[in-house]
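Look at the two complexes coming up: chain A is in both, with chain B in one and chain C in the other.
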Partner chain A sequence: MVDIKHLTEDGIDILVVVGEVDASSSIQLDSAIKEVVENGASKILIDCRSLEYISSAGLGVFMSYIEELKQKNISMVLTDLSEKVHNVFQILGLDQLLTICENREAGMEKLK
Partner chain B sequence: MKYRITIACTKDKLKEIRIFVRKSLQNHGLDDVQISAMVLAIDEISANLIIHGHDCNPKDKFELNIEVIKGKGVIFKIYDDGDIFDINSYEAPNIDDLIKRQRKGGVGLILVKKIMDEIKLDSVSGKTCYRLYKNVEID
Partner chain C sequence: MFSYKAITRLSVFFGIVTWCTTAFIDLSILFSYTNGLKPEYSRELSLVSFNLFLFSLYIFYKYRIDKAENINFIDLLWRVFVTGLVTTVISLIFRLLIFILGDSTLTQSVLFQDFIYSVNIGLLSAVLVACFSVFRRLILYQKSKVLITVWRVFQYSLLLSLLYNVLPFTFLDDFFNIYLIFLIVVGLFLSGNMKWVAYLNFRQKWKGILLVTLALFYLGYFFWTVTKQALDFTEAELPFTDFQDNIFLLALIAFVGIYTLFSLLVLLFNLPTSSVFEQKLEEVGNFQRLSQSIQTEQSEERVYDILLESSVSTVFADAAWLEFEHDGQTTYYCHKIDESEVLNIKDKFEENKVKGIMHQDADRTRNLDKVLRSVKGTRFRSLIAAPIVVKNQQIGSLALLKEVSDGFNREMQKIIATFANQAGISIENFRLLNEALQNERYKEELKIASQVQSSLLPDTMLSNKHFNISAYSKSAAEVGGDYYDTFLTSSGKVALIIGDVSGKGTSAAFHMSQMKGIFQSLSQLDLGPIAFLEKANIALSQCLDKASFITATYFVIDLQVQRVNFARAGHCPTLYYHSKNKTTEYFSNRGMGLGMLRNNDFTNYLEINEFKYRPGDIIVLYTDGITEAQNSRGEEYGYDRLSISLEEVTDKGPDDITSHILESFYEFTGSEAIDDDYTIVVVKFK
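Our next item is the complex of A and B:
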């Protein structure tokens, strides 16, 4: 239900999330972030333009990395959230705790 | 209008639930963000019942009814014979605390309570009925 593509550009690890992240698929998002963190990423951009749905299981994955990324001095931004996906982050106030940029260009700029 | 579906208790059925809720709520004058929020709330409570109430047992089933009432809103009724979970007594964890403890779960029911206007529990024919009310303008 979710496909995650990993690419690098200008030293930034980009994860493109395609599909739906719910209780049955959130483990794939978790594994993808874990892998880039373990491989020494210092800047991570999560491209959400093709993220069609996210439930609390997906939000929980992002929440669980906030502290670890801070400790390891790793920057992470989320970009290109649709209105309905952004609304889910807003309901919990996570839009204030995570860095969310309007599009990939703004996210890349933020990470430079 | 009334809609009804019976669902087996496996996590891969969550998508089917979301499609059913979305289709049921379409064509009633609701916008996409309103529909998506209700889809999310029902997905969350269903995931909770499937995972915690039934241990993802595919032999177990629960029933979801949706009633869309003009001038009133939407009533979701879930009939379930798993362990009763009193969502109204559920004490929401502190988000900052969850982040510090690097917890991956624990926010699903917060979403349900924030999205829905009222939640009631009662017993119907030996089953627990979870009633979730959303006050929205219906055409």
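Our next item is the complex of A and C:
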């Protein structure tokens, strides 16, 4: 089960992901990112402070946007990852392809 | 105690004996009287004998008629007719005898006349009791509790009257009229039950009228004959047994007379309406046929045929058609009408802007017949239509046509709507059944897929004098996305791989089989870990969808120099046990999943790792299903529990190590229910 809130702050689209992202709820994550991208966002911050668990399917969602974001010149950062979630990103090597910041302020700074 | 046959035979025998006794006593009394002698037998004895005769008749017909099963109303009336016919013929033969003999001394003899009277009384009694038994069944058709009670009262009162007749108490004579009137009133009440008439069809009603009329005739004939004879005896002041003193006979004559007369009248008055009743019965029959069709018919087409036939015959339509819309295509099933004519009629309706006569929310206030009359080249003058709805969606319509105008009434409209509803249910059931069959087929296919996939994982792992391998894998769904394999290269090195496809289920299983293909072909090339993963990445980049990736760890074990080279492509860190200092560690060198970076940069994110193994060293490979599995409190099994579990059994062989880890794992998760794919591979060096 996952709940995704969309906020806008200083021209940055912020997605707050709450709950667990598994094979079925990864579809929700995908459509949330897709919506933001299609609405012409140029800066996306994904707040993962309440993301408790992410499965390989959920990681696949982030991975699938890397190429598209690069082409459209959209920058995306992930912030506030719990140790457990960060570890999952690290094992897969996805932390090397995505921008991960410690907290929201650092993320905002990065996107400016 | 006795069989029916024995009872009927016994009652016939007993009846004949008692009748003969009665006649003999009566005759002897009369003989004594005419000859001025003192009668040898008393009148009471004759009465007792006669009442026993009546009782025998009662028993005889009770068993003959009550026990006859599966008998229809006309057959019952037929029995009355036969009894009446036989008795009347016997009576008429005697009459003929008297006529032939003329005014001889025999016919003039009062004894002979008394004998004839006894015969006629006996025959009349038989007719009455037969009628009584048959009417009992007619009256008690569709019985209620009250009706049964009233009937019992009537029946027992009648039987009691047999006893009353023979009791020698004079004070009872005062009750005679009261008793008789009581029986007649109850009989009259019972005569009101004529429900059976409604269930006869037109033909049967005519037969019934004939049979009842004849029964009435017999009754009249006997009544007239015995009354006349009794009158003669009374006038001649001769002693005889007067039937008019017998409550049983009088009450029965009244009851049978009333019921036959009522039956005749009810049958007559019901004749004109019998077609309506028959039609209703047919409607019910058609309806039943339609609802049953779903269970027995093999195809939807057959259901349509039955629907058309049933609805046409129920409302006496001249033609009908069914139409179904599917993917913008309309299919027609026509009954006694051409498809071209249907299209012609529909076109005309559209021209006249009668929108969607076939639709659920169609405007029914408009007179469809008026439009139909203007259609050229059609013989039909009236039309009704009803929608066929499946799961709240109209899938088609049923239309019926008649050659006369205003041929359908409101009642028929309702009937047709009901038929269409029933057809909708039948079709829905039919489709559900088909879907269920289809699902069953899919399940079967999945089972095959599962069998095929399990054959993709190696049955036995490579083992030799340098090491032993044990492996365990279990999928959450029928098919899974975990993979492991070994290969002995031409240069004597061992290639070992563990892989995990992102996501789970069928798509993961397909990617897993691709991974196997890649491993089977590339491992032959004797490549180093980095080169292998690079080529695997290129191959997989072509076929994985953009959100899928595969994590893997690839080992090359050089048995000659006891050295292991490996690289991690995003897979869970390998757990390693050093036998020298008895410690465990996770090799978490840098790495990246296959298919995540689909260009030449990929190898930049990989890191080669190399170590020398010693005898007793253990490699534990696993997929994230193991470490991420949660218990009921939401805690993960995790790396620490895994390594502790290994440390407990490092002196054991790989099979025991695997089963020990699994034991600890399942104990932790608390159930055998799986929500991810679990794989463990254990390599132990010798």
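Throughout what follows, the second predicted complex is superposed on the first by the 112 of 112 C-alpha atoms of A that agree within 3 Å, B and C clash if a C-alpha of one lies under 4 Å from a C-alpha of the other, contacts with A are read in each partner's own complex, and residues count from 1 in each chain.
Following the convention adopted for this analysis, a residue touches a chain if its C-beta (ideal position, glycine included) is under 8 Å from a C-beta of that chain, and two chains touch if they have at least 3 such contacts.
Bear in mind that the values here come from a model prediction, so they are computed numbers and not experimental data.
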item: Touching partner for A:S64 - first (chain B), second (chain C), both, neither; value: both
item: Contacts of A:S42 with chain B and chain C, given as first, second, both or neither; value: neither
item: Touched partner set for A:S75, first chain B, second chain C, both or neither; value: neither
item: First, second, both or neither for A:S50, with chain B first and chain C second; value: neither
item: Which superposed partner A:S24 touches (first chain B, second chain C, both, neither); value: first
item: If touched residues of chain A are counted for chain B and for chain C, the larger one; value: B
item: Which of chain B and chain C A:Q96 touches, first, second, both or neither; value: second
item: Where chain A meets both chain C and chain B, residue numbers; value: 23, 30, 53, 55-57, 59-61, 63-64, 67, 84, 91-94, 97
item: Chain C - residues contacting chain A, complex; value: 500-505, 546-549, 551, 570-573, 588, 590-593, 596-598, 605, 624, 628, 636
item: Sites on chain B touched by chain A in the complex; value: 11-12, 14-15, 18, 32-33, 36-37, 39-40, 43-44, 47, 50-51, 95, 98-100, 102-108, 110-111, 114-115
item: Residues on chain A engaged by chain C in the complex (per definition of touch); value: 23, 30, 53, 55-57, 59-61, 63-64, 67, 84, 91-94, 96-97
item: Residue ranges of chain A in contact with chain B within the complex; value: 1, 20, 22-24, 26, 30, 53, 55-57, 59-61, 63-68, 83-84, 87-88, 91-94, 97
